[in-house]
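We call the chains A, B, C and D, going by the order they appear; numbering starts again at 1 in every chain.
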Amino acid sequence: MKVELKRMFPVSAPAEAAWAVLQDVVAVASCMPGAKITERVDDTHYKGTVGVKVGPASLSFRGEIEVKGIDAAARTLRLSARGTDTTGGSAASMDLTARIEPAGAHACTLVGESEVSMSGKAAAFGSRMMGPVADQVLNQFAANFAARLQATPAQNAQARAAPAPEAKPLNAFGLLWGALKAWLRALVAKA
Amino acid sequence: MAETAELKEREQKLQGMGTSLLRKEDARFIRGQGTYIDDIKMPGMLFGAIVRSPYAHARIKGIDKAKALACPGVVAVLTAADLKPVKLDWMPTVGGDVQAVLAGEKVHFQYQEVAMVLATDRAAAYDGAALVEVDYEELPAIVDPKKALLKDAPVLREDIVDKKDLTHGPRTHPNHIFTWEAGNKAAADAAFKGAEVTVREEILNPRVHPCPLETCGCVASFNKATGYLTLYVTTQIPHLFRTVLAMLSGIPESKIRVVGGDIGGGFGNKVPIYPGYVVATVASIVTGVPVKWIESRIDNISTTGFARDYHCVGELAADRDGRIKGLRFTALADHGAFNSHVSATKLPAGLFSICTGSYAIPNTYCRVDAVFTNKAPGGVAYRCSLRVTEAIYLIERMMDVLAQKVGVDKAEIRRRNFVKAEQFPYTTGFGWTLDSGNYHAALDKVLKAVDYEGLRREQAAKRADPKSPTLMGIGISTFTEIVGAGPTKVCDILGVGLFDSCEIRVHPTGGVIARLGTMTQGQGHSTTYAQIIATELGLPASDIVVEEGDTDKAPYGAGTWGSRSTPVSGAATAVAARKIKDKAKKIAAHLLEVAEGDLEWEIDRFKVKGNPSQFKTMKELCLVSHTGNLPAGMEQGLNAVAYYDPPNLTFPFGAYLCVLDIDKFTGEAKVRRFYALDDCGTRINPMIIDGQIHGGLTEAFAVAMGQQIPFDENGNHLGNSLMDYFLPTAVETPAWETDHTVTPCPHHPLGAKGVAESPHVGGIPCFSNAVIDAFSHLGVTHMDMPHSAYRVWQKCNALGLNKR
Amino acid sequence: MIPREFEYHAPRSLPDAIGLLKQLGEDAKLLAGGHSLLPMMKLRFAQPAHLIDLGKIAELRGISQAGNEIRIGAMTTEHDLLGSRLLAEKAPLLVEGAGWIADPQVRYKGTIGGDISHGDPGNDHPALMIALDASFVLTGPKGERVVKADGYFLGLYSTQLAADEILTQIRIPVPAAGSGWSYQKLKRKTGDFATAATAVLLQMKGRSVARASIALTNAGPTALRAREAEASLAGKEINDASLNEAARLAMKICDPAPDQRGDAQYKRAMCGEMTRRALQAAHARAKG
Amino acid sequence: MAKTHKVSFKLNGKPVEAAVEARELLIYTLRERLGHTGPHIGCETTHCGACTVDLDGMSVKSCTVLTVQCEGADMTTIEGMEQGGTLHALQQAFHEEHGLQCGYCTPGMITRAYRLLKENPNPSEQDIRKGIAGNLCRCTGYQNIVKAVQSAAKKLAAAR
């Protein structure tokens, strides 16, 4: 059960600035939809959680986030996350490639490519959701990234936690942050 | 006249063989008073929920029970590590392999059992199961059996990588299980070399599931004080189950009681011994309290008792008139992750060599190669005998392919190749001796009943009309089944022969209790067996009680599968009854003071030849047998037990015809008419036989038109709930027309053969042949099942039939 | 399979329900008929912390006519729709559509509001609502707002309904007298979602089409309105040529997700076929 | 232990009460708390209909109803079909027409047919097939079930 997607997002900042942020792995990892880094294993390996939510359906995955590579020349970052969901019935992996392409002096384009694949119950029942999920993953990543880029260091934390700006096409974002918050609360409840 | 009327009345009172006696078992079911496994509730009972793998192939790096154990209500979490000390993390299979009870190092198929969470109630067990954290490292999966034997294919079974032989001959590849052959290859090859006509077709029998409405489950109850284990379980084979459990656990077989209770349908799904049963049993032994495990529907379709997955190649050699000169059938069998395929020890590919069907075919050869893949194990016979559906589907499809090639009508090609009535008993090229049959008569009766010529004329007219929105297909299937396993010389499981048994006790007032080694799952055994005894002993069926399924009560038997109940246990019942009758006759002779030879049997009594006023009714003899007034030296009582080892299997047959109309624009196929003529020899209860045929045809319809367990390239199940898996409702199910001929079985004491599986085995090719026949004028020779609207539309689209 | 634990709330009035929804926020899910939500909860795909059962709010149930508008309470069941004389007379398309939903047991519990709010493109009401030019009354803390069905559905499980709102009523303008109607649904078996389905409402003027409404089920992330197909029929007679063109234009907007029902090509083709058949059936019923 | 709700309703004419978690499905309350094991469980996706009961005049799948939703309800299960020692016409007809084999779907099937005949006392074969389409049977192929419902309908009509 695989879905591949490619999307471009205009970013109102110079390519260099964007690339600078893109190399801040922890920050970028936290731009992964509903992702949260819970433990740093080494420079390129992190343990964390990823929440995906589509309408009434929500899955929270527990697993590893790996930085597959940083290519300064091509201003490209490759991340992957994989794990099993917190009810054990499903598993998912998500590969995400983010590239910065200059678009004039003060703007650039964030090119995102994602491949989401599901195993287990989610594959049997969630096939219809795969497209939308991959779609949301990218939109969410872009929105978080933009928010992260605009935010001053002081605002970072807040920027990361706050829902992305209201606008129709961004409708799905709220759901994703909802999922992450719900999941964190669930985590607390379990402990 | 008055006399014959009196005889009739006496006979009717018995409600014996040949009457449509209403079922004795209905009384509890229509009141909701059946006792199925999940209805059982015992004090202190724990509920077990199984943790399953989301991956089809992965290494288990670790299992963390902590969160689960902290969950309210959770009592324990069992993993392979817990079963290892008692050597129960693996169990032997009937196929000569071993199967993981709980996965230890690796999972080999999606939804494989990894752990069982035991809790005080169902909800808590599921909560706990969700909290068991398993750390997996995903591995590449093999889904396509054709790729299993490639040089660079990943090795699935590291645990047996050094095993050169899994009891069925040498293995040629780590993913290879066995290669089995039958017939004469040289002769077959020669026949093909010299043949005027040859045909070849690749034909798939896709992976399906019997999917009885009740899923599998058990309640295991181990009494620590007495060391006595009672297992209430959804099984079609209680006695064999007990034997296997004794072998596995080391508990003396005398201290194990297996109880089948009421079974909500089996269709083969409830023959194997599944990990869930074993873990629940271990759990009860460990905890000392009863443990219940009930499978969900998704688990059922995903992990227990799949069927088929035979990737076949059929080849026929014939002369230009379509008379077959040679047959070569091969199959690549996808056995999944472990070889726990249900089969008799000497028959690794079951009865696949029945694949000559109803035809007199010289120079025959068949071969089956079995391989491992990352799919669920436990291949069962889905409403058929071992691999018979696969075999008959292949020959019945190939007959149509041949007919098209030589340009002979599809009914005619069968007539030309049938074994003729006068040839019986007929021994096939593979060595099976077909007991009796009259294939020509059966087919001709069907063709006449449906006006076959008229149907072909209508079809021709439709084909000539380009504006016709539908395609008309006519399917024929003239199958021969092989049921009633089986003669112990051919058939055993784990060394136990497949005989069966019946014990009859007659009470002083004429009441009878009969106990058998079979296990009804809806076939109406309590009624059918009672009718046999009623006719044999002249005592009313209403006073005859039948018991099965409790190993402490019933004599040993191999259970109910492969339509073996009537052929084997029905025979045992007749033999046991006749022992009693012989003794009764001696008593009657003694009372009437005549020689046994002077007595003749009449419905319910022995009477003195030529002196009808002199007689003793069976009812009278029942009482006398419990007195002292008996022939010198005779013991009291009228009891007998019989163990019946059939001299041969039985070979029911039939002729089916299906007419359907295909919507060119949606691909939907609507069955217009289905006419099923069955010959199962002597008919014991016509009402029950018809019911079995309705059900079998409906399951055949489901398999042919919609059932399949689909996977993606990673071994993910894509259709394992009742949303996707096709169980037809009353709306989709066609109306069935049934008919019969009677050709008694010469070697069965009652002349009966067994019937429940014929409609499934014979029905599937009939639907397929009808669908493909609809396209045959366009050069189409084969389309694989299931013939869903989607797949049929793809054919219409490829042929440009749906252009507007 | 058993849902994860949750808190159950059964408000007796709409204001109470809205208050609860506001108070509990994203952790709460509304329970209508429950035949989409509860199965998801049993499989633990959905794990809400709170369920707000709308079943005890009488005012949300019922079918009535107000002026030239039919008003249906959101908690009205499919079974109620099937038994409604008013609908049979004024909006038979809705009755025909409801008859295609799931199976008898599900229709006793399943509600029109739940079916719409779920935002599942496989559900049948969204397309029926678009074809009937329906509007939805969404009630929240700030009061009511009325939105058109056409445009209400944003994506898979995503609609204009805000987190603190409840769909309370469906309003359907009474179709012009003599309108023809049809809902054609192709499915694998009873109880299945549509492989493809088309809802059509058709007004004829003499032999030519005065107005055609065409909406598609399960043909994309949401129910789709086949605008170009509708336009192509305006003023035309219903014949092979116009049907072919309408079907072609309907197929053009399809973006179906492949699944066990078929690949995108098949589903698209079936959308065309269902559109053609719905138009033919509606035409046969239309008077004008 | 999670919060439990006290729920009371009428079951086959008798008042009953059960203390259940909010998440408890009606089928489990009936089977495991109230000893009514007639309704069965055949799936978890609301397809098979084996769990069908009659709830306030509706045929419902009790695996998809929360017990807490049933406060004050009036419920009939297969166990309530027999009246004063006399089988319901449907029970009798299922027996006489051989409308059952393994018996697992039978309670749900009869309970569903009960409501069907109340709403449509004189159904055609198609009415019956559509009317029981929410109940799966793996044994009978439905043919004798349809016959049974037809014959019960006749008997009930004659009795009116």
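One rule holds in what follows: a residue touches a chain if its C-beta (ideal position, glycine included) is under 8 Å from a C-beta of that chain, and two chains touch if they have at least 3 such contacts.
Everything quoted here is computed from the prediction, not taken from an experiment.
Shared contacts of subunit B and subunit D, meaning chains that touch the two of them, come down to C.
Contact counts per chain pair peak at B-D. When chain centres are defined as mean Cα coordinates, B lies farthest from subunit C.
A straight line joining the Cα centres of subunit A and subunit D is 48 Å long. Separation between the centroids of subunit A and subunit B, computed from CA atoms only, is 51 Å. With centres taken as mean Cα positions, subunit C sits 33 Å from subunit A.
Subunit D has its Cα centroid 29 Å from the Cα centroid of subunit C. The set of subunit B residues that touch two or more partner chains comprises 122-123, 130, 296, 298, 718-719, 721, 723-724, 727, 729, 731. In subunit D, 21, 23-24, 28, 44-45, 47, 130, 132-134 are the positions where the chain touches two or more neighbouring chains simultaneously.
Contacts with at least two other chains are made by residues 87, 89, 121, 125, 127 of subunit A. Contacts between chains, counted with the stated touch criterion, involve the pairs A-B, A-C, B-C, B-D, C-D. Note for the complex: subunit D touches subunit B at residues 1, 21, 23-24, 28, 31-32, 36-45, 47-48, 50, 77-79, 81-82, 87, 91-92, 94-96, 98, 100-107, 110, 128-130, 132-146. Interface of subunit C with subunit A (complex): residues 26-27, 29, 36-37, 40, 43-49, 118-120, 122, 154-158, 163, 221, 257-259.
Contacts from subunit B toward subunit A in the complex involve residues 51-56, 67, 110-111, 129-134, 136, 138, 298, 712, 714, 716-721, 724. Contacts from subunit C toward subunit D in the complex involve residues 1-8, 10, 31, 34-35, 38-39, 41-43, 51, 53, 55, 79, 102-106, 108-109, 190-191.
If you check the complex, the residues on subunit B that touch subunit C are 122-123, 126-127, 130, 296, 298, 665-666, 668, 706, 710, 718-719, 723-724, 726-729, 731-732, 788-790, 793-794, 797, 802, 804.
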